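The structures considered in this document are given below.
In the two complexes that follow, chain A is the common piece, with chain B as its partner first and chain C second.
On to the complex of A and B.
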């Protein structure tokens, strides 16, 4: 526990600098890079997950004390359920809902809605 | 770290069985919060692009504003960690100073978010404007409400700290509100990425 003698713990500074770099990298990837859109989305989501883990491990000390394993397992399970809910919702709603509700002819929308009701 | 050294020499907040159980319980609550926010993220993702006659996100989202908000909250999460560190060193003054900075940054974030919402409303994007904007305001608004709750909660605990000083009970309360504050930044990282950045790309 020699860290306690310092005014600012090194682990937190490393986490903070890392988070700033990840944030700037994600912002640059989004508006400054020429990568194809799917690559941009994938890479910035990966950067977000890394930054979330920095918070959990370096700032929140998720794994400290004897219940650290339960805490980490609980959070990982929470994130797993979150991924299932978000990816599952996008996947479920990707069938037959590709038309734009905002514009187009009303007739089209009506037939679409009738079709969905039948199912 | 073994359980024994923690109880006798470890941080104050872990000294009692009740303190340890409260902190574990709060982690379980945070897991549930992750799932709560995931339903709002899912709704947002599904309704993405359903802007009807309202402005599209790419026209309203501005990188400087989003980066300012992101760095305010990120820095506040860092200073909150430093505040907990000072508490563990037994420095009540350090805890007050760093937690005070944290709350000031949090208020700055809220100020920018309110300004942002008012600005969007003037541009014709508010809660009832379209399915997309409903989902946007519910997601970011729920996060904003959490920040407001976090600030109010931390202020109450600061008052209690002034009255009672650092005890196993007050340390545990400060530690838990600290966990909550870091968690708000975890959620914001995903709002920043999947709402603002993707909104500017697509």
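On to the complex of A and C.
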């Protein structure tokens, strides 16, 4: 404990400054930049994920306990599985499905794709 | 009158002589059990010693007994199917009955046999291997067992009351949906799995915490016995995979009972999404039932080759890699859905990658045996038979992994042969090996070697005779789940049925061996039956309920081997202190009995009964929340007495 009290909490300072920079960057991307919308969404998401990790490692002491490595591993595995379930399901299941039953232009594209696959 | 009509037409399954026979035998066995318990005045004993226990060892034994019963039930299903398929044009089972039997066979063997068997072994062995006195949450452990037991009971009830599910153990929608499959049968599947799934998830959490937090001082992660490592990895997969099944089952239940449209054909439902979610759980599930078996084989091969496990670290890392890969291969179960080239290629490659860590493990086992002085006791025989049989299953798995080729193999007997080769050679051999290996620790006597070998040879030869021809039946175009065969498939089907009979004989001898050994086997006087290496052999036989009188200090891998070399034991008489142990509790049993009532209501869509049952469950939770009993202390005097008695034979 004594070690913690006498020093400047370097981790916390770095984490704090990092969080502020990331938040400002995200705000700027959304409000001040001229980027196209998909880029804005992507960049905000990426910044959010980075910030989540800063929070976990710098403030929540994820790696500091005895079983820290295992905690970190478990969390990373959890992220991995969540991404696999969501993105994987969308990727595999979106093929050939359309919610447009009216025979509109989307549906035509779908049929073309099917034909393309057959060749 | 109306009520009687309902009973005869919908409630009880009628019109099948086989099922009348089953009903009669169920009633007779129940009466016999009640009679025996009353006659010998054993009701109190049953309640105090077993139904309310939180001791991981007793819970483990109950898991194993239940799993053996389920193996019998699933095995009978298998024999009925083999009878029907032996000759072309058989009229032993009609198509509906056949559908029900292959559904219950698959579900029971995976959910109610393989997993509980392995979880039973984990329960007994893992706390002993890490030098703990119980699991981290003993109450939760009892709850896990009773949720499994009542879940299994619900599922098994279906074949006499209401009819069995008939949409396959995969229960694909829309066939399993309310439109094409009305009535309670499919609800039995959904609710039975849901209830036992609670227990499995709790077990996963329990063992992760146990292995991380309850290790004896000095038992670092990289000093853990390999079976404990495999349990740890398995528990992590359970915790991440089972919620997917929970959600999928809940969605289909809501579809069927409350008329929503998640997996229906109408109303924008996505029937294939069920298959997707099912296999997102289902593929990790097959690693849940194989990794502990790998752990068992590793322990046995190292003990009976009398060598340290070759490539311990490689074993651990390959299990970690398998855990990772297990979540990214699920689409190979439905390549033929037609998800397109990119998707199928990706999952082809990930599937083939699984062969790499598995291959590493195979070479590690061979490396362990290389230049070892091998003893051929029954557990070792099972382990030796496992390696070539499992390799055949694995290699045919890689053949199935090629998406283009899979369009040929899909839903043929080639697939049936493949997954029986991995599941029987891997999991079932593993369970038999593990039970025979740890039997003396559990019951204080070995299983008879001669009978053990007879049952081994019958089972292993029968297994190969039964399933090897199925690869060729697959090539000959015999589809999976067909209930009649063409004349040109007859020769191989007759062969397979002969194999099935041999396996049945093997199993019967195995069960008889339990009885025979109970009567005639020499009692163990020493805790270390096989000249073992891991810490569970450091305990006395029978293991006292507190496991270790003094907590052992671990100085390296193969803790017990090291102790024997240095001439030490885990028992330090002068350091005995009072031991804190958890109190028994009847709440888990009662709570899950209420869950059983709630489930039964939900299955028949009698919402009133379902709500009443759930109120009971809730009441048990409240009672538990206000339970301030935090266990009791075992006095130093009692410990010394117990240890003195247990160690008499050793000197």
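What we mean here is this: the second predicted complex is superposed on the first by the 77 of 119 C-alpha atoms of A that agree within 3 Å, B and C clash if a C-alpha of one lies under 4 Å from a C-alpha of the other, contacts with A are read in each partner's own complex, and residues count from 1 in each chain.
The definition used in the following text is that contacts are C-beta pairs under 8 Å (C-beta built on N, C-alpha and C of every residue); 3 or more make two chains touch, one makes a residue touch a chain.
Being a predicted model, the structure only gives us computed values, none of them experimental.
K.L.:
Considering only touches as defined above, state whether A:78 meets chain B (first), chain C (second), both or neither.
P.N.:
Both: A:78 reaches chain B and chain C.
K.L.:
May I ask you to decide whether A:41 touches chain B, chain C, both, or neither, giving the answer as first, second, both or neither?
P.N.:
A:41: touches chain B, not chain C.
K.L.:
Applying the touch criterion given at the start, work out whether A:25 contacts chain B, chain C, both or neither, answering first, second, both or neither.
P.N.:
neither
K.L.:
Answer with first, second, both or neither: which of chain B and chain C does A:91 touch in the superposed model?
P.N.:
In the superposed model, A:91 contacts chain C only, not chain B.
K.L.:
Quick one: chain B or chain C, who's touching more of chain A?
P.N.:
Touching more of chain A: B.
K.L.:
Would you please give the residues of chain A that touch chain B in one complex and also touch chain C in the other complex?
P.N.:
67, 70, 74, 77-78, 81, 85, 88-89, 93
K.L.:
Within their complex, state which residues of chain A touch chain B.
P.N.:
Touch residues, chain A against chain B: 1, 4-5, 7-9, 12, 15-16, 19-20, 23, 26-27, 29-31, 37, 40-41, 44-45, 47-48, 51-52, 55-56, 58-60, 62, 64-67, 70-71, 74-75, 77-79, 81-83, 85-86, 88-90, 93, 100-102.
K.L.:
Applying the document's contact rule, which stretches of chain B touch chain A when the two form their complex?
P.N.:
Touching chain A: residues 1-3, 6, 9-10, 14, 20, 23-24, 27-28, 30-35, 37-39, 41-43, 45-46, 49-53, 63, 67, 70-71, 74-75, 77-78, 80-82, 85, 88-89, 94, 130-131, 178-179, 182-183, 185-186, 189-190, 192-194, 197-198, 200-202 of chain B.
K.L.:
Give the list of chain A residues in touch with chain C in this complex.
P.N.:
So the residues of chain A in touch with chain C come to 67, 70, 74, 77-78, 80-81, 84-85, 88-89, 91-93, 95-97, 99, 117.
K.L.:
Sort out for me which residues of chain C touch chain A in the complex.
P.N.:
On the chain C side, the touching residues are 212, 221, 236, 240, 244, 268, 270, 272-273, 276-277, 280, 323-324, 327-328, 330-331, 338-341, 343.
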